[in-house]
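Scrolling down, you'll hit the structures one after another.
In the two assemblies presented below, chain A is common to both, partnered first by chain B and then by chain C.
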Partner chain A sequence: MATDNQNATGFGEVSRVRGIVFEYLSLGASVAGLVALGVLLVYVAIDAFDLANASPEWLLTYFLTLVVPFLAFCLYSADDAAVTRRVVGVLAGGLVAVAGVFTAIETFVVTIPRLSWQLAYLFVVAAPVTAYLAYVGSHGRVGAVGFGLLGRLVGGIAVGLAVGTLFLVFDELVWFLAYTLGVLPAAALYAYGRWRAAARAVTAAAPIGLLGLVAAAVLRGVVRTYPSDLVIYLWTLAIPVAAVGALVVAARGSRTAAVAAGGGPLALATAGGFLAGSVGLPGPTTLIVLAVTGVPTAVYVHRVVDVGEGTVGLGLPLLLAAGVIVGALVVEAWGVPAPDPWLDASYVTEAPSRNAAEAGLYPAIVGSVIIIALVAVLSFVLGVGTSVFLEEYTAGSGLVGSLTRLLQINIANLAAIPSVVYGLLGLGLFANLLGLGYGTAVTAALTLSLLILPITIISAQEAIRSVPDDLRRGSDAMGATRWQTTKNVVLPEALPGILTGTILALGRAIGETAPLIMIGAATTVFSAPGSLFSRFSAMPMQIYAWAGFPQAEFRYGVVAAGVITLLIILIGMNGTAILLRNRAERGS
Partner chain B sequence: MEPTQNLDAEGITRRQSLAALAGAGALGLAGCTQSTGGSGDDGSGDGSGDDSLSGSINIAGSSTVFPLMSAIAEDFAEDYPDVSIDISSTGSGGGFSNFFCVGETDFNNASRPIQPAEEELCADNGVEYVELIAATDAVTVVVNPEADWVDSLTVEELATIWESDPAQTWDEVRDEFPNEEIERYGAADTSGTYDYFIEAVLGERGHTSDYQATEKDNNIANGVSGSEYGIGYFGFSYYYLNPDQLKALAIDDGDGPVEPSLDTASSGEYTPLSRPLFTYPSIESLGKEHVAEFARYFVEQTTNEDLVAGDVGYVPATEETQEEQMGKLEDAIERAQG
Partner chain C sequence: MSNTSSDTTGDESLITTDVETGSTDRSTAVGETAVAARDLDVFYGDEQAIDDVSIEIPEKRVTALIGPSGCGKSTFLRCINRMNDMIDVCRVEGDVEFGGKNVYDDDVDPVALRRKIGMVFQKPNPFPKSIRDNVAYGLKIQGFDGDVDARVEESLKGAALWDEVKDQLDSSGLDLSGGQQQRLCIARAIAPDPEVILMDEPTSALDPVAASKIEDLIDGLAEEYTVIIVTHNMQQAARISDRTAVFLTGGRLVEYDDTAKIFEDPEEQRVEDYITGKFG
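Up next is the complex of A and B:
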């Protein structure tokens, strides 16, 4: 190195200006993007929840009943005087600063549309502080328990709703037969085999299950009488979930608790299902939601009580619920004018309408959820299959090696192809040639899977490549076959990376419009799709159509509500995948 | 966690789940059963009673007719929840060539009559159809609300602005107009509105390419309201539902300036820019009772002023037009159902 600096005498002078300029330019670049995105999301949220019409009193009420108790909970959990001082300082200082800056801009520069300084405070100061505190609080024992319980409640509801949605399309009678004849016997055999260490039972589980599935498919055409939907879901979903929950609790050694943790939620779910059915709500979905929410919650509560640490945290859901109720009561009692959000219960349960106030997104939500579920399965299987083959099985040199490289280059190029082209491919291949139908859920799912396949493959390859070769060689040295090495060593190690890639790709798929337009997906449908081969609409299609409506309420309120719904579902989906990934990371 | 305890606990749960199972079974036997009928096909053809209508209706075509069609379909879907209707906004031409004329859709909406090439394609595929008038649209020419120097244009002046070799400044159009550059915002060439504007105003003189072309009325509206010397044209609904945002020009077709409005368009005074909107049901589909019923309902609703004008912003059909269309439709249905 020293020989390079022949002209330099000693150390000479080195200017730091360029480095500093570069640092601040990069900072500016990252901040510019984030701020733009933040402003966009803030405005979308304001439109969707009609916050522009929220009176300061209304905001103050909920700030005091909901946000402040939550912050207090987090502070209690963090149990750190320094954090408390900092948070109080930021909240108070932020209030003065935001109010001052906002008023100054409004008076001297320009009026800011649909934003008041209270809202600005909420988004600029209160929201980040809450997020920060939630993060800090979750590291304390009490906070971890509180968020764990909250997560199980919210997650259970989300999973229950998703499963209920999928059964709108998939034939629950086939599932009933398949479960009874295939899944249940196979699972029972497997469990028995593991318990008694009978290897033969374990090996037999898979073929028996397959046989049962085939029998189910055949019998579906023959059998005419079935239990009612509610009984089917009770038998195939609620009871197994409850049984697993009870087993988990029983493994910790308490019989009564096991019965309570399994039976309690089961009874509640059954009662809820029948009750909901009798008042006109969808009984089966209620049953599923209650079961998959109730059982994990009960199991978790038992564990927390059993361990005996941070039990206070169990009160968090109650605290929040109480905050909402008290807030509503105060608003009601004082007659505080409340905003009328576009995104409300009827928006996600009703069909589209020409009246902005009645417009709903329900059929499109169902369509999107079904497509994305299919895409997730298809692209995961195809993507992981391809990448494992490319990374683990092909040779690196010779003719095969050249072919592999050619394939590799093609896959990389496919990732850059515009989505419209994939739409054309879907139209030609799946809709026309294979006759899967124009604009059906199957055609859409296959097309979108192809669209994200290159991304999935490339990220899965990266993940597999990053598994250290030592591990493979170690496994080889133990005498493992290539299949055993792949299954036991490579895939478990690579799984977190593979999941990360799939999450990103799915996020792209759920927001795609162009390929859906090409394959003839409907812009608007008025009822949820009833089968995989019925025409459907997806959220981006409907949102795009609304954005072109002449009425201002559609272009601002209804579209904004659609965007928020899309984001919530996206976040839910990503959250699930991230949980799975973290679990896989912890496991390996 | 000794294994014995574990086993015991498991025993209890198994007993428990068995009991629960038996309970569920008893419930099932107690009458919680359902039976499936024959494989439920399209469910068409079965027109014995109103409640029995079921099946699917696929609609594609013009984005101009889309809001009207979805408003009517919404009401129909409320009356007949078992009929599932889907509507795609594909553009008139896209709907004909990609979906309707290959027999994939039951209806195609169009903001212009079917063209010879599309007729041929339909004939090649054996798709027969009937043309129904859905409503009337008044193509509206708009300028910035600040532009107080212009209230009306003659058809000739409109043509000078939009022809393929267009006027560059406003004073070239009329002497008293300001010497300022014209900023044009109009429909993209994929749109039926574009075709209609050429046919009605420009004819052989062709459409200029020196303009901001877009499929979305919002973009035209935003462009014009943002530039003081801008001009644009689009369907009536946007102007009708947002009258304060833009200023509509009266059009002089030789009999004095006429403002676009529900009255002038439906009486035929607003020439040459009022145009009929169409929907084309396929004859084969009309053979199914639920499709035929929907077509009837559609024609009935075309005179509904609250819906067509109030909610969607088009000009309702007159009683005479409606009767005529209903006659055409009934003939077609009779032919289809034989």
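Up next is the complex of A and C:
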């Protein structure tokens, strides 16, 4: 029998050579790509922060005051002797290895430009170890609290700045009326309905809100006197945020704590806003940033103290701030030569300039943020709408069915059309035909939305298709209309997938240059756009323009700083979206 | 008439296990008709799935539909609440009457119809929502105006799940075991207080213990609801149903009678062969 023969020869052998060759070739190719990108980003970072001119003493100072305390915090949180031993081993061993290899290459092979072994150590060993430890530390209770607080501080500032930026172009007077007449009554009615279980109040909320919005649009042309901007933001943003914070605290804590958690940051934000206004800083933005940072922070601190676990972690932001201050003091006192980074406060707050040292990216950042916010809303709404229509509503047969199939094929084709072509379409359709203007923010936003719409639709369709049919049938059998099934079962289940697709598509939109050139966007503007119809520039446009300047400072330092800014904003945006997605996943 | 098989000697009963047929305390005297089919034909494209079926299903009884795979019993079940409408190639001829009205009349809204007929599927399919939201789903979509929490509690009790989940109503329905999920689906089906509950092999994806809990539950449900259950398991049909309809290949209803009669003394030789496991 065959089995007997196989047993006799130990079953024989089957060659796996091709599989193994394939495995290692794939691995090698991926690693090579990542390493190339990593090296590029290292050089960009070195240029942007002028690290080539950082003295070893300067690096050492900040390593000791900032990085080491942070590592210690993470190790304390991880509370694992094995991890500690491993980290110390890698840090020390890496120091010897990097220094040795670096010196050997410099001596025997080739001089490595713009890098010292200290910098190589920073990027090859210290940064990955820090990232790894941050990951490990965040799983400990103390680390989770520390990163939670840090995230709320950083996220609050980012969201506050973004909201403040958006109010540069959106008419805050319309917002004031819409909030007062529409949003607030609707929210109050809804809350009352939920609280008293009065279904009629809940259902009335939406029409009342809509009515208020219409009234706001009409009244905007009639009403002449308004409160000052600061009062408007206080009334429409800071107070609601504080009220929500207070409610969250009240749900688990005492009434005093709730008032403190809502009122404290509110008072601080109000005072900050007026103070900033009186010394010439943008008061409303200060108010918004302080409110959206302060309230969540206060709520979080209250919750952590209430639970009583890992309260030590609340010290993390203080630890880091102290590290920066002590580092700066040491550098100042000892006269250690410090680098002069291109990417500094003035770079992100000032307008472009002919002089590299004074050049700033502010108008382009504002332009990009405004466009991307519009694109996010437009492409999400249109993309989800279209994909729901295609997946849930269209019939499979008959004339409509054939049309749907045609539509489906063409959406897939649209995703493959070069972006310049979309630029041309935007120029013809939005700028010329609809008269929205050449190089205006709204034309750019519409064009970019069109560009990423196919990607959004296809990924949303995938997400909707992956919702099990069992759930749809279950809902249908309960007597749900198709709309109810879609809204209550399909969309909540598909939301994480839809968000993933939208995040990827937005990442593409924020970096696009070609369609912006086609619609006549300016490469350089000197003031931030004041409305949706004013001329604007976007970060990639500005970076591209600088890259063509004859002076080397522009081509290296200023461009590198722009690239890093673009990446930071992109990562921030994606990070926020990923957090939202994870929350949606947990919620379901 | 209830404890028929225990009265009879073993060799008269066609199924080998010693089970009670029919529910213990309901008379098998047939009451009002809840659902009736007249000359029903169903086609999937050119293929006929149901061939000229006429049947009258009594209210507040458990009626089992049994038969080999592909005999059209699930198709028949889905005709009652018009779930077959979802299948493009499906074509229905003849009448299905529910509450004296042909559900395939032009003026019948299938969505409104399904609100009066609950359905439980083969594979438990709770929504990825909390237990409370799962049970309240039907109430929510129908715009129920009363005390939702009381209705949720009542339905979970009706599905014999309340004691197991009363402390975790806000946790996800997907965290429950398979058997609990299926009882959750039953609670979901009875929450809007339908008149008929359709069950499409509700225990075939469950282990025997979970299945027997569902069986006990079905017995109680017939106090208030008309239950129509498709099953592959003949012991199950014998245990829980009052009436049994046997479908055989080709979508024909071969025999329909009291469960005791079907399992002890069927008229048709083919039915006897099927029940005793000679084919199918």
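Criterion: the second predicted complex is superposed on the first by the 572 of 588 C-alpha atoms of A that agree within 3 Å, B and C clash if a C-alpha of one lies under 4 Å from a C-alpha of the other, contacts with A are read in each partner's own complex, and residues count from 1 in each chain.
Convention: a contact is a pair of C-beta atoms (placed from the backbone, for glycine too) under 8 Å apart; a residue touches a chain by one contact, two chains touch by 3 or more.
Computed from a predicted structure; not experimentally measured.
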Touching partner for A:568 - first (chain B), second (chain C), both, neither: neither
Partner chain in contact with A:468 - chain B first, chain C second, else both or neither: second
First, second, both or neither for A:318, with chain B first and chain C second: neither
Which superposed partner A:530 touches (first chain B, second chain C, both, neither): first
Chain C versus chain B, contacts on chain A by residue: B
Chain B versus chain C as contact partner of A:131, first or second or both or neither: neither
Partner chain in contact with A:255 - chain B first, chain C second, else both or neither: first
First, second, both or neither for A:25, with chain B first and chain C second: neither
Chain A residues touching chain C - in the complex, by the definition given at the top: 199, 395-397, 468, 470-471, 473-481, 484, 488-489, 492-493, 588
Touching residues on chain C, where the partner in the complex is chain A: 81, 83, 86, 88, 111-116, 118-119, 121, 123, 125-129, 137-138, 140-143, 145, 172, 185, 188-189, 192
List of chain B residues in touch with chain A within their complex: 1, 5-6, 8-10, 12-13, 16-17, 20-21, 24, 27-28, 32-36, 56, 58, 60, 63, 66-67, 70-71, 73-74, 77, 81, 84-90, 98-99, 104, 215-218, 237-238, 240-242, 307, 311-313
Chain A to chain B touching residues, read off their complex: 173, 224-231, 234-235, 239, 242-243, 246-247, 250-255, 258-259, 262-263, 266, 351-355, 438-439, 517, 520-527, 530, 534-537, 545, 547-552, 555
